[in-house]
Amino acid sequence: MDVVNATGEDRLEGLRMLVGSAAGVAARDGDLKAVRQLRFGRPGLDRGRWSEISAMGWLGLRLPEAAGGAGLGMAEYAALTGEVGAALLPEPFIEAQLALDLMGKDAPAEALSGDRLILPAWLDAPDGLTIAGDITEAEGRISGRRRFVPMAAAADAFLVVSSEACWLIDAKAAGLSLEIEDTVDGGHTATLILDGVEADRLSAPDAKALEAAALATASALLGIMERAFAITLDYLKTRVQFGQPIGHFQALQHRAVDMEIEIGLTRAVLHDAIEAFDAGDDCRRITSRAKARAADAAMLVTREAVQLHGAIGYTDEADIGLFLRRAMVLAPRYGSAGFHRQRYGSLTEGRP
Amino acid sequence: MTATASLTAPQPHADLNLLSDTDFRAAVRGWIATNYPQDLRSPPKRLHAAEAMPWYKILSQQGWLAPGWPREYGGMGLTPSKLLILIEEMERYGCARLPDTGVTMVGPLLIAHGTDAQRAYHLPKILSGEVIWCQGYSEPNAGSDLAALRTSAVREGDQWVINGQKVWTTLGMDAQWIFVLARTNPQAAKQKGISFFLVPMDTPGVTVRSIINIDLHDEFAEVFFDDVRIPADAIVGAVNEGWTIAKNLLGFERLFLGSPKQSEGALDHLERLCDHLGKRGDYASLLNGLRMELEDHKSFYTTFADKVRRGDTLGPDVSMLKINQSALYQKIADRIMDVAGELGTLAGQVPDAPTLYPGSVFLQARPTSIYGGSSEIQRNIVARQVLGLGR
Amino acid sequence: MDVVNATGEDRLEGLRMLVGSAAGVAARDGDLKAVRQLRFGRPGLDRGRWSEISAMGWLGLRLPEAAGGAGLGMAEYAALTGEVGAALLPEPFIEAQLALDLMGKDAPAEALSGDRLILPAWLDAPDGLTIAGDITEAEGRISGRRRFVPMAAAADAFLVVSSEACWLIDAKAAGLSLEIEDTVDGGHTATLILDGVEADRLSAPDAKALEAAALATASALLGIMERAFAITLDYLKTRVQFGQPIGHFQALQHRAVDMEIEIGLTRAVLHDAIEAFDAGDDCRRITSRAKARAADAAMLVTREAVQLHGAIGYTDEADIGLFLRRAMVLAPRYGSAGFHRQRYGSLTEGRP
Amino acid sequence: MTATASLTAPQPHADLNLLSDTDFRAAVRGWIATNYPQDLRSPPKRLHAAEAMPWYKILSQQGWLAPGWPREYGGMGLTPSKLLILIEEMERYGCARLPDTGVTMVGPLLIAHGTDAQRAYHLPKILSGEVIWCQGYSEPNAGSDLAALRTSAVREGDQWVINGQKVWTTLGMDAQWIFVLARTNPQAAKQKGISFFLVPMDTPGVTVRSIINIDLHDEFAEVFFDDVRIPADAIVGAVNEGWTIAKNLLGFERLFLGSPKQSEGALDHLERLCDHLGKRGDYASLLNGLRMELEDHKSFYTTFADKVRRGDTLGPDVSMLKINQSALYQKIADRIMDVAGELGTLAGQVPDAPTLYPGSVFLQARPTSIYGGSSEIQRNIVARQVLGLGR
């Protein structure tokens, strides 16, 4: 069945089932001890869970059935990244998906099965959604640099991307060195230095794969803020100060409402963006709108969530801070709000 | 020959639900372009009844005046989905708002709660434009706290005697009839003991005084009731049940309080102002950011409009739409003043650019966070009814 | 006595006396009927009050005693414009003062005595603090255009200003035509079209006079917001909704606090700017800071003041709207907030 | 030879009130530049006692550790005006904050309310750095609502027995003594019946557990009291009068909660970040706007500092200064994240620009709107005590 063009009700039912099935791996109300245990470690993720994720067929989600995928659309993909976001899973689901999308029919079976984690290395600037250039190739070996590869210590291989081609390299290949830095959420990010690394050349990347990653990240940010807000609402209803739940104070009520409005706006924009993506439109403008709104809203909502928790919110032991810190990491990924606003503006110029 | 032109023009009183949404939109768009009075396009201020009457009559003759009423009562009987298309197309073309209290409030009220006699008497007069209605909700000491109203109606024989004062009656100077919420049981709790009455404005004891608003327009009126006697059958629904009726009066119309139309108009104004000043480039980033916010608001609006299209009831969460619309509209209007410099000080239009009136746009944006429930009240509603943060 | 260099206490005492004496003409709590009566009329001001103002010596305030002035400083001038602002007087006190400042020793005695109202015409753009050019002079006659001359219908004469010279022209001179537009506060503003108008050439303008006018306007805006806030506080304490004064609602309390903070900031910046002006420093940067803050704060405070009044605030009969509308007119005068931010930036570049 | 260099370096324990303000500033500036440990300049996080001790000792030897204490107790006895200069110069140079609870809170407390014996025992140990103090104010269920505290002190013979828990004790892991607010009369109204105690941290029954903050720094601690027995003379002031003492403990120090220092540091960070990214030009308008806001805040700060200089008491309106400082600091920190892109995701310093740590600056700005009374509480205070809007 062609899911993307299925009728509304059928597809909604499929989406509900998909989200329901996600709860086993990425529960919205799961406790966060496991997440905490993996923080600031290497490789920083749970290969067991990674196998589960692949066993559920999530990795080949968007690949055509002919290429071993499930042939699902952006709506299904985004629904899953929303759950992964809300569960604060450290596994680089969107990155692995991006690598698969970029490889398309060239994607190796071990990647789809979860046995081989391939992460894409496409960026050489602190911000943007533009594939970097400057990879030199000679006699099947490549040299150059790629920055900000999330969770690189866990990779079995990297997909090095430039505007003209992709290359698959082994993570242990000679000539490859990694400079790894911790990120505020307890994960890490790496710079890849490539000095004559043996590489399999694949075809040129389809830039739409990056649009999908940006939308998927926007959805993850939505999941983050939804859960952070739910936790905060709960706190407002139970924390007592001056003899009443603090949720009775009008100033705090109104701030909670403004958070809910941000969440509602993000949800609405994302919905429209996903629809446009699945309809096959040029959706760069609306993708920019969705990613910009999601990034700003997630920062606002998680910041406010911490603030509404009072002093306890500023401790590492309070879970609410985990959401702020994950939002800090995902907000700039695949283009910050500022980048996307600028892109929206330049794509709009000259339009009626 | 385009697809639009190939459609026959819609016949008066035809059942347009038979068209597809696409054909309906095309038909409506074409008809408006042909029939709308050009001198009334995008008026800078709300039109008085006399000014709007040409358009009222055109719609009336076409049978399009009451798109939401059932066809049996002379309406178009449109599905919610088609109704939204009609409204969108009218907003898009810049059609002026009519004195529409009769159509949007009194008609639905009588259809749902009126007697056959009330319907037979009033509905045709609304449809023809013979009677313009206004509403008597707010009072000087019952602003946001509507249920605190004090206007009283006392039964004497076969009459009701009304005393009190209403305020913020939109276009009250233009109306022939008013509907009035009045307290019929002073002992009952606040929201109980209120009834709903229909009153001719020429009844002895009714006095109207216009209120000039901050943009110096006489959009509102005060209406005073001094021993106003009306017959027993001037009540709508049961005695003491007026509050329930009044509360449900605004159904999906609450959607329109959050319509992006005002923000869209204001942003368009800001863009034209920047062009006029030769500063479009300087303000590119500001304009782009506001455009994105507006587009996001439209997505938000669509979420609620889709509910209406599906025939679902709007919940209290629609208040969020209005909060966001008010905030965005006022933000754009504020930026208009930032950009306008001395042009923003002018009471009227910019002399060499008469489609620009930045100061007026700014002032008109002020009440949006008050009418239909202030943004504070709306936030209280969302906090309590949506988020469960009530006391 | 050299007032500007008087010791703090003496000067403060003098300031208090000056402000006290102002109450007769410009009362902070005076009723606003007289203001309303003059709205949208011509000439739109009260020549009787103008005579009182001059009789109190305000017009020559800043001129040296040798030129018939009082030799007072910016502190005294700003204190008075604060009162005039709070009283919403329509008389063009700052404009008349600017004309006198620009003429200096050439200022005619009838101008100081209030018998001849001379208004400056120096602007030809909708925004800025830059004296326009483009006045051509031939055989004692000038041609050109000046825009946005406030209350021009009341003028006996105009001081036409360009960067090279000033010219005094009679308001009834041949070749002069006025295009008058109402302003939202009930005053008016005019474009002067000069076509070979007989003119007395005076010396070139001292640009510092415009800085003084900008600071004086900032002070007037402060007066406006102070009084609008006082009226609003009163309303919050007396207006009852849901069974209690609306000032008991936390959301409204917090908005009132934010207004008070804006007022406090404006007062503080203005204080520093006036001190710098009187110390003879190059005070363009701090003047820009004061004018930008005052304009933005006055718009915010008066806007919020109207909003906090609820529906009544949107009627013309409520006095609170008069303050918003006057703020709308004074905010852009002598440079909008945007203009002054830009100027601050360009004056700052290259500084440490 | 410059004017500064011509001044002789200030002698230890000299009475510096004899200098003019200008000479005092020059002397202080020169002395700091000569004596401050370079490796402690502008540390990215609050220093622990052990880290700060070199600077503590240098100040101690110079007799500058307690600038506000009277000279008779070993302080500098500076006038408020000179004290502000000293603080300004230290902030300007980037001097780290000391573990200063003993100096700023315990010393003034004992000088005002202590016994001769308490003064004689404690003050010299604070001045020498032998004893570091921490404070026991907040409790898990008495956050913003400080007077709701539950820690109890019961008199048994010639001892007080303390039970309860304190939280948010700054640098609690580093301290040898703690001062504790405890309830001594459970029957009295909330703010009555509270007393003030001095407790050695090594008393049996005292347990400390560090709290890791959101920036992953162990700045705070929890302190548990389990049948902690202290002698009768460990109380400060009269029994049940602790709340009054505690409330007055922060006098003009409340000024520093509104100091522009944090915002200044953050804006400097943002500017350097823009430089690092080669985007100073792109963000010129943003930086200029923030710079103006910061300068305006400095003017606001001066208003209150001038009061302190004149020896006036700060009123509740100083809360406005803190509200504005918190808002500005957080606004700048938010913009740092906007600009930083992926650099803002790093837990540590930017590898090729180690003076940049945007994510950390952002996280450090979070608690500023909470400690010392949240911005909500501060607004409540201003609304009630300054504007008279109380219930």
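Going by the order they are written in, the chains are A, B, C and D; count residues from 1 in each one.
The rule we apply is simple: contacts are C-beta pairs under 8 Å (C-beta built on N, C-alpha and C of every residue); 3 or more make two chains touch, one makes a residue touch a chain.
Bear in mind that the values here come from a model prediction, so they are computed numbers and not experimental data.
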*Counting a repeat as over half of the contact pairs in common, which of B-C, C-D or A-B repeats A-D?*
B-C
_Quick check: more C-beta contact pairs at A-D or at A-B?_
A-D
*What is the distance in Å between the mean C-alpha positions of chain B and chain C?*
40
*chain C to chain D: how many Å between their CA centres?*
43
_Multi-chain contact residues (two or more partners), chain B_ = 376, 379
*Provide the list of chain A residues touching at least two other chains, using ranges where the numbers run on.*
249-251, 254
*So that we know how the chains sit together, what is the shape of their touch graph: line, ring, star, complete or other?*
other
*Touching pairs of chains, which are they?*
A-B, A-C, A-D, B-C, C-D
*Quick one: in the complex, what on chain C touches chain D?*
233, 236-237, 244, 247-248, 250, 253-254, 256-258, 260-261, 264-265, 267-269, 271-272, 289, 292-293, 341, 344-345, 348
*In their complex, what parts of chain B are in touch with chain C?*
138, 141, 143-145, 148, 167-168, 211-214, 216, 220, 277, 334, 337-348, 351, 359, 362-363, 366-367, 369-371, 374, 376, 379
*Using the touch definition up top, name the residues of chain D that touch chain C in the complex.*
284-285, 288-289, 291-292, 295-297, 299-300, 302-303, 317, 320, 323-324, 376, 379-380, 382-384, 386-391
*Which bits of chain A are touching chain C when the two form their complex?*
249-251, 254
*asked:* Per the contact definition, I'd like the list of chain A residues that touch chain D in the complex.
replied: 40, 123, 125-128, 147-148, 179, 181-186, 189, 191, 240-242, 249, 251-252, 299, 303, 306-307, 310-317, 321, 324-325, 328-329, 331-333, 336-339
